[in-house]
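In the two assemblies presented below, chain A is common to both, partnered first by chain B and then by chain C.
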Partner chain A sequence: MTILLQALLNGLVSGALLAVPAIGFTAMFAVLRFPNFSVSGIATLGAFAGYVAYAAGLQIVGSLAVAFAIAGAVGLFLDRTAHMPLVKQGALPAAIASIASGLVLENVVRLLFGNELRGYDRPIARDLRIGDIRFSPQQLETMAIALAIMLAVFAALAFTRIGKSMRASADNPELAALKGIRPQRVAMMASFVGMGLVGMGGMLLGLDSSIDPLTGTRILLSIFAAAVLGGLGSAPGAVLGAFLIGIAEEAAVLAVGSAYRAAVGFFAILIVLSLRPRGLLGERAF
Partner chain B sequence: MLNYLLFIATIGGIYGLLALSLNLIWGGAGMVNLGLAGFFAVGAYASALLTTAGHLPIVAGWLLALLSGGAAGLVVVLSTTRLREDYLAIVTLGFAEVVRLAASNEIWLTRGTDGISGIPGPWRAALGRDYFNAAYLPMLLVVLLAVYWLMRRIDCSPYGRALRAIREDAQVAQVAGKPVLRFKAQAFALSAAIAGLAGALYGHFTSYIAPDLFLPLITVYIFLAVASGGVGRPTGALVGAYLLIALLESARFFVELIPAVTAVQRAALKELLIAVALILVLRLMPSGLLPERIPRAPRA
Partner chain C sequence: MNRLAIGRRAALLSGVAAVASPSVLRAQADPIKIATLTPLTGAGGPYGPVMAKVAAAVVEEVNAAGGVLGRKVQLVSEDDQTNPDAGVRAARKLIDVDKVSAIMGTWASAVTAAVAPLCWESKTFLCTVSGADSITLLPHQGYLVRTQPNTLLQVTRAGEFLLSLGAKKTYTLVPQTPFAQRSIEILAEVSKKAGGGHGSQIYDDKKTTYRTEIDQALRFGPDAIFCAGYTPDTIVLLKDLYRAGYKGKILGQAYAVNQKLVDQIGQNEVVEGVYTFAPSVAEGSTALERVKKMSGLASPDPYTSQVYDHTNMVLLAMAVAKATTGTAIKDNIRKITQGGGKPVDNAVDGLKAITAGEKVDYAGASGPCDFDDKGDILDCKFRYEQIKAGKATLVKVA
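Entry: the complex of A and B
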């Protein structure tokens, strides 16, 4: 029983961390209409940008801001130069180009930092215990930060002009353009914020463990699975999907060992696509 | 030197097979397979296991590679046929990851990350290493040409035209009475079978396979080959595969010349170069060196 509760708690923590990049990915898909595979490279980039900032003396929140800004700027640049010009030909050429640009980022990081594992040098703290369930104050802190980021994103989508115009564009691009929403600006905003969230997600997941150039590639399938599970293009769906994937991954560790943790995302995608192809919340519940 | 040329010509032929496989679905039916490396691995492992642990002849291994690649392709494509192409991209990417995980962790079957060594090659013992390489290349080229011929036949056949119609507009094809789902599933399974065969040919040539040889990078290589050669044209796929080999080998040569970089940085530079080349080709030369030719419709 304790083992199960512990797994549930760990799953909720990793789900909260996963939700941040998953919202970013799904929001970009909703507006730009192609699956952007460069999230793997961007997550790695964010993790390393945050790492450098943290090593230079910034606090966690400040380092996250650096990760957001750098990942967002680079993501926007890649979308403008490499991906969006190809969307005219269809979603597939853009998706293929985004795999290549993810690879570019991964190797730029490898060139600068090498392949060895690096960890954020955080102060050590004693685990807190409730009964037999243990959790570290740092886990709690990163989870709280992730929840705060999510709240901020949903508030922005619900109440700000740019958030509303993003939702309008995702829902019906032609109608939104007719109403005077400039599609170009919304697309650029989606790239910047979406990739910024992915970069912060890379750093949040790195805070919990360690980082290397493959950090983003390892979480790529989980991010996709969270987004597909909730319904591609749906931000609340991505959050729900992220928590479910986080819990399922911890459950899989209990059931079959940690070796197949990374396969959970794939099988979740297969099951959802077979039973409920539009995802749990549907594609348009932005 | 001759041995080196024979070696890269053979690897080029195997990439050629993979490029033909990708071209069939990407160029032919407008579908995408980001898990090409996974189907490549399935074929390589199926054939290696059957001929080492199963002690069956090499030809049986190749047949099993074809079948298992095709079966895996069918499973993957059938789970996404009702959905848009973006989902197929995501599922195939995941498939390749899961294949690599299984190959690394099912140690009782695949010997894990140690890989399988001592995969028999046809008459390898009798020929010795040098003559084996010289004998394997023509054999591979026969297979390659047979697949190439099949692809050309498909392109000119009513089936190929139906696939292209599906690529241009699946709804119109459906309205015209073409069984869109069945055709797409068939094309994808055939393409995956060819990738599986390529895997078997690779394993029996190098005599060693391991999970690390089937990284997603291979898939990026093949996309570069098909995109630069010309999407939708089998000849382009072959030309692209050998262009890719030329690029890879010259990149290796030039990266050696850069002073004061570590081995890791050299590898990173090489991957960087391939990825940038793919972006540039897609952006600047979308129809490739040999653009697709639409065969004239036959007179009724």
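Entry: the complex of A and C
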């Protein structure tokens, strides 16, 4: 029982970290209508941008802002130059192009930083215990940051003008355009914010472990599975999906062994696509 | 404009002439091609570049002394990225495009297992530093030798070392690799024979946290945990073991628990007291001194020493065979490594002796380099170290 509760807690922590890039991924899908797989490269880029900022003396929040800005800017640039021109041919060419740009980014990071593993110079502390359940104060801190980011995103979507126009565009681009919402601007905003979130997600995931050029590639499947599970295009769905994937991956360790963790993501995608192709929460953007 | 056109035509003509010249003529000048396929990137990234460098230094020395069988040797170096897919692509290029007769230095067992069939099917000789038992059990028809002790030898020694520290109840944490299952079985046998117990878990090396895995392991209550992964995943494991408050012993492979790992964790108490083990290089040998000079390292790692041996052995086998094919290397490699003869520790001296009609017995920087029929080395010493205050300190060589 204890071990199940512990796995649940561990799953919630990793789910919260996964939710941030998953929201970014799904928000971009909602507006731009193609799965942007360059999130793998962008997450890596964000992790390294945050790493440089943190090493330069910024605190975690400041470093996250740097990760957000750099990942967002590069993501926007790639969308404008490489992906969006292809969307007219369909989602698939754009998706394939995004895989390619993800690879390019990964290797740019490799050229700049080399292959070595790097860790944020954060003190490693012993876990605290409540009864038999143990938790790490740092992980809780990271989780709290992730939750705060999520809240901010939802508040922005609900209350700000640009958030509302993003939701409107995602819902019905033609109608939104008729109402005077400029689709181009919304698309650029979605790219920037979505990729910024992915970049922060890369850094959050790297905070507790270590980063290298493959950081983003390692979490790509989990991000994609979370977004598909919750319903591609739905931000609350991405959060729900992320928590479910996080918990399922930890529970899988107990049930079938850790080596089959990757199968959890694929299995979730398989089940959702065959039983409920629109995902758990459907496609509603909010 | 006119001049430019003529210039271009002349260039074309000369190119055609070069291609059309008799192939025999070119063959005379053609160098002997051999290759390194080492991990320049990925988990093996700390080792691959210096391995390739030392192989190149051996080739350079041999060329400076006149080459092999009157021909220059050319070394082609490719990156296997510590990844079987990339390894296979690179091996295909080496075999099909460069037409090398030997590939040396494959590091990760998964890469070697993927590349080996390409080698024996194309009759290309493969020298590897991978340890998984399964590798020499492949139907390689003799086209493979390895200088790294196999899993059986390595894990048996690791288990005996843990016993000597008083750890009878052991636990293996190992990523999904060709040596995972065997490592577990062997350590279980060693521990149980001594009246202890053994638990194990195979984990996914791409996870960013191992909290649940470690909860599982600690429920077993082990005296010692054998972390048999590579550097990236072992970093996460050690951090999580520290967070979990584990106070028992930890043993890791020296190729994973290295200075990079210590620097990267950046907090000495997390790695304090962790034991490491590795096949020892041939301490005190003249070959090792040469490797130190070639690599620029004060204490070269076993893989760099092994690839030095690979290069020397391949070139000597060619000289004895008076032929440069993979099959020639296969048929002659044991003639220069064992069975007595003039002891040599480098190809240049060996080549001179062979030209003079002498039999040679190569012993290198990684050890005596004697092979059984399967391609495994017959004997090897191990080096045990413990991390104290962020530095590896020698426990013993045995």
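Following the convention adopted for this analysis, the second predicted complex is superposed on the first by the 285 of 286 C-alpha atoms of A that agree within 3 Å, B and C clash if a C-alpha of one lies under 4 Å from a C-alpha of the other, contacts with A are read in each partner's own complex, and residues count from 1 in each chain.
Here is the rule we use: a contact is a pair of C-beta atoms (placed from the backbone, for glycine too) under 8 Å apart; a residue touches a chain by one contact, two chains touch by 3 or more.
Nothing here was measured: the structure is a model prediction, and the numbers come from that model.
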Do chain B and chain C fit side by side on chain A after the overlay, or clash? clash
Is A:R118 touching the first partner chain B, the second partner chain C, both, or neither of them? second
Let me test your reading of the model: by the given contact rule, A:I269 touches which partner, first (chain B), second (chain C), both or neither? first
Let me test your reading of the model: by the given contact rule, A:L12 touches which partner, first (chain B), second (chain C), both or neither? neither
When the two structures are overlaid on chain A, which partner does A:R126 contact: first (chain B), second (chain C), both, or neither? second
Considering only touches as defined above, state whether A:A177 meets chain B (first), chain C (second), both or neither. neither
Which partner chains sit in contact with A:A259 here, chain B, chain C, both or neither? Use first/second/both/neither. both
Can A:M188 be said to touch chain B (first), chain C (second), both, or neither? neither
Could you tell me if A:R110 is touching chain B, chain C, both of them or neither one (first, second, both, neither)? both
Quick one: classify A:A69 as touching chain B (first), chain C (second), both or neither. neither
Intersection of chain A residues contacting chain B with those contacting chain C? 110, 115, 259-260, 262
Would you pull the chain C residues touching chain A in the complex into a rising list? 41-42, 45-46, 175-176, 201-204, 206-213, 215-216, 219, 231-232, 235-236, 239, 242-245, 260, 264-267, 270
Report the residues of chain A in contact with chain B in the complex, numbered from low to high. 29, 34-35, 37, 82, 85-86, 89-93, 95-97, 99-101, 103-104, 106-108, 110-111, 114-115, 217, 220-221, 224-225, 228, 232, 259-260, 262-263, 265-267, 269-270, 273-274, 277
Could you list, by residue number, the parts of chain B that touch chain A in their complex? 26, 30, 32, 34, 79-80, 82-87, 89-91, 93-95, 97-98, 101-102, 104-105, 216-217, 219-220, 223, 227, 262, 264-265, 267-269, 271-272, 274-276, 278-279, 282-283, 286
Okay, in this complex, where on chain A does chain C touch? 3, 6-7, 10, 13-14, 17, 110, 115-119, 121, 123-127, 134, 136, 205-206, 208-210, 212, 218-219, 249-250, 253-254, 257-262
